[in-house]
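Got a structure here, written out as C-alpha cells. Questions coming.
As written, the chains take the letters A, B, C and D, and residue 1 is the first residue of each chain.
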Amino acid sequence: MNRGRLEAFSDGVIAVAITLLALNLAVEGPGHGPLLDQLAHRWPAFVAYLISFFTIGIIWVNHHALVEDLALVDRTLLFLNLGLLLFVVAIPFGTATMANYLTEGGQDSHMAMAIYCLIFLGMSASFAAIFGWSLGDGRRLHPIPPESQRSAWIRFTIGGLIYVVALAVAFVSAPAALAIVGLVAVYYVVERTPAVGQPTRQ
Amino acid sequence: MNRGRLEAFSDGVIAVAITLLALNLAVEGPGHGPLLDQLAHRWPAFVAYLISFFTIGIIWVNHHALVEDLALVDRTLLFLNLGLLLFVVAIPFGTATMANYLTEGGQDSHMAMAIYCLIFLGMSASFAAIFGWSLGDGRRLHPIPPESQRSAWIRFTIGGLIYVVALAVAFVSAPAALAIVGLVAVYYVVERTPAVGQPTRQ
Amino acid sequence: MNRGRLEAFSDGVIAVAITLLALNLAVEGPGHGPLLDQLAHRWPAFVAYLISFFTIGIIWVNHHALVEDLALVDRTLLFLNLGLLLFVVAIPFGTATMANYLTEGGQDSHMAMAIYCLIFLGMSASFAAIFGWSLGDGRRLHPIPPESQRSAWIRFTIGGLIYVVALAVAFVSAPAALAIVGLVAVYYVVERTPAVGQPTRQ
Amino acid sequence: MNRGRLEAFSDGVIAVAITLLALNLAVEGPGHGPLLDQLAHRWPAFVAYLISFFTIGIIWVNHHALVEDLALVDRTLLFLNLGLLLFVVAIPFGTATMANYLTEGGQDSHMAMAIYCLIFLGMSASFAAIFGWSLGDGRRLHPIPPESQRSAWIRFTIGGLIYVVALAVAFVSAPAALAIVGLVAVYYVVERTPAVGQPTRQ
C-alpha cells in the first residue's frame, strides 16, 4: 500500500467534511424577520463553525505529520484510519446539532453538547490508536526518539482527557463545555511545539 | 492513461460519497420533542451510517489494492470504473432510504432494504468486472499467480452471493438483511487475508 | 504552472459534481404513499442520474486525455478550464430541474430540457475552446499529427451540433431531447476510437 | 511538511466550495408558477453564482502560483492557509444569503451584501497574510526580485481596498457593490499580468 493514496483519500474526506460545516450557517431567508436578527439568533452556528473548522484543521495538520513518518502502511492501519474518518465525517452533524440546541437550555442542550464532545473524543482516541499501532511494530514508523514518543503520548492523553472533561462539563453547562473545546483549538493553533514525529527529521 | 488520475478521481468520488452519508444523521431540531427521543427514533440512521461507511471504506481499500497492480489503464477500464462509481455514488441515497423505512415495517421496508442490497450487489459485480477485465489481457495486470486469481474469484463470488442472499432475505425481514450486510462489513474489516493481488508483491 | 494541480482541482470539482447528482434521487419518505409508487413517479430522476453521470464521466475521461498532452499550462488555459468547470458544476442543478419537470408536460418541461441541453452545449463548447487554445500555439501541446487534429475537430463539432439539435428538439418534445442526450453518452461510452491526442503516444 | 499535501487539501476544499455554489441555483419546482418566472425571479442567484465562481477560481489560480514558490511550509503557514480556507468555505453561505436578499431592498439587502463583501475582504486579507509570512523569512520563499514583491503588495493592497470600497458601497446600494465585486473578478480573469512570484521562473 502506498502512503500517497492514504493521504489523498483522507484529505478528500477531511476537505469535504470541513466544507459541509458551512451548510449550517444558512439563515431562513426573506420573510423570517430582519436578517440581522436572524444572524444574531444563530450566533451559536457561527461560533460552532469556527471551533469545528479549526479542530478539523488541526486534525489535518497532525494527520499529515504522522502519515509523513509512516514507513509501512498495512491493512490494519487503513481501517484504523477509517475509524478516525468515521468521527471526522460525523463532525458536521455534531456541530449542527450542538449549535441548534445550545441556546435551548435544559436537558437537550446538555445532550447535544455531550454528542459534540463524544465525537471529538472518538476522533482523539482514533488518532491515538493510529499512533499506537504505528509504534507497535518497529517497521511501521521511521525511528522516533523515546523522549519524542513520550511527549507525543502525553499530548494525546492530555488532549483526550480534556475532551473527557468537556464531556462531563456538558452535563452541567453546555456553553462552558463549548468554551473548553474552543480553548483546545486555540491552544493547538497558537502553540509552537512541533507535531508528532517532526523532531525526527531535524 | 496514467493510473494516478484514475486513483485521484475515484478517491474524490468515494470521499464525497462517504462524507455525504452523514447528512442523513441530521435530527429535526428544537420543537420536535426531546433530542434523546429524536435520536432514539432515528437509530436506524446511525446503524446504517456505520455499515455503509465501512462498506464504502472496504471498497476503497480493495480498489486501491487492485489499481496498484494495474499495468495498463485503457478506456474500457475507465468506463468499468465509472460503473463502479455509479453504485458508490448511489449509496448515500440507498442508505438514507433504507434507514427512513427500516422501522416502518410492511412492504415499504422490504422494498427499501432490497434497493440497499441491490446497490451493494451492483457495486460488487462492477468490482468483479474490473478485476475480470484486468485479467483478460495479459498486459493489463502485473502477473498474479493462478492460486491468487482463483482465491480472488472465490472471494468475489462469495461476496456477490452474500448480497444476493441479503437481497432475498430483504423481502422476508429487512432487519435480518441489514444484519447480513453488516456482518459482511465486519468480516472484511477484521479478516487478515491480503486483498486482491497483494501476494504478488511479496 | 504545473499540470498536476490543474488535474487535481478539476478532478475534485468533477468528483463533487458527479456525487451531488445522487442528491436528487431522494424520495419524500414515509407518509407520502407506497415507496414503490414514489420511486415509479420519480423515474425521470433515475434516468437523468444515469445520463448525467456518464456524460460527466465522459468529460472526465476526455479532459484527462487532453491535459495529458499539454506541454504548457498558462493562465489563459486555467481560466478556459474554469469556464468548463462552470458548466460541469451546473449539471446537478440542470439535471434536477429537468427531472422534476420532465413529466409535467407543457412549456415548463420544454424550458427545463432546454436548460439541460444548454449546459451540455456550454460544456462542449468550453472543451473545444480548451483544445483550440492548446493547438493555437505550437508550444502548448505535444505534437499531434494533422489527421488527428482534423478528426478531433470533427468530433467536437459533431458533439456540439448534436447538443444544438437536442436543444431545438427540447422545444418540441422534452423526452425526445433526453433520448438524444442519452444516446450521445451511450455512443461515447461504447465507441472504440481513442480520445483526443491519444494516437500521438503510440 | 511537504507542499504537495498543502496543495491537495486546499484544492479539495476549494473544489467542494466552488461546487456547493450551484446548490443555491435550485428552483422550487412544479407547482410554484411557470419555470421561466421562477428562473427570472431568481436572477440574482445566477449572477451571484457567476461572480462567486470566478472569484473562487481566481483565488485558486493565485494560491497555486504562490504555493509553487514556497521553499518551506511550516506550521504557521498551515494555519494561515486554514484562515484563508475558513473564508473560502463561507463563500457559498455568503453568496446564497446575498442572492436571496439582493432584490428585497432595504436594510436587509445592505446587510446581506456587506456580509458577502466582508467574506471576500477576509479572504483577500488572509491571502496577503500568507504572502507576507512567506516573505518574512528568507528561507520560506524562492527568491523574488524586489520589484516583483512591490508589485505583488500593490496588487494585494488594491484588491483589499476595492473590497473595502464595495463593503462601504453595500450600505448605500447593494447592486452597486455587487457590480464592483463582479468587476474585480472580470479584471483578474482578463488581465495579462503574471500572478505573484511567477516572474521569478522566467
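Heads up, the rule we're going with is that a contact is a pair of C-beta atoms (placed from the backbone, for glycine too) under 8 Å apart; a residue touches a chain by one contact, two chains touch by 3 or more.
From a predicted model like this one, the values you see are computed outputs, not experimental measurements.
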item	value
Interface sides of chain A and chain B: same vs different residues, half threshold	different
Superposing rotation of chain A relative to chain D, computed on C-alpha atoms, to nearest 5°	90
Length of the line joining the C-alpha centres of chain B and chain C, rounded to whole Å	26
Intercentroid distance (Cα basis), chain D paired with chain B, Å	37
Two or more partner chains touched - positions in chain A	8, 12, 15-16, 20
Residue ranges of chain C touching chain D (in the complex, touch as defined)	1-2, 5, 8-9, 12-13, 15-17, 20, 75, 78-79, 82, 85-86, 89-90, 92-93, 96-97, 100-101, 104, 107-108, 111-112
List of chain D residues in touch with chain C within their complex	7-8, 11-12, 14-16, 18-23, 25-27, 29-30, 34-36, 39, 49-50, 53-54, 57, 60-61, 64-65, 68, 189, 192, 194-195
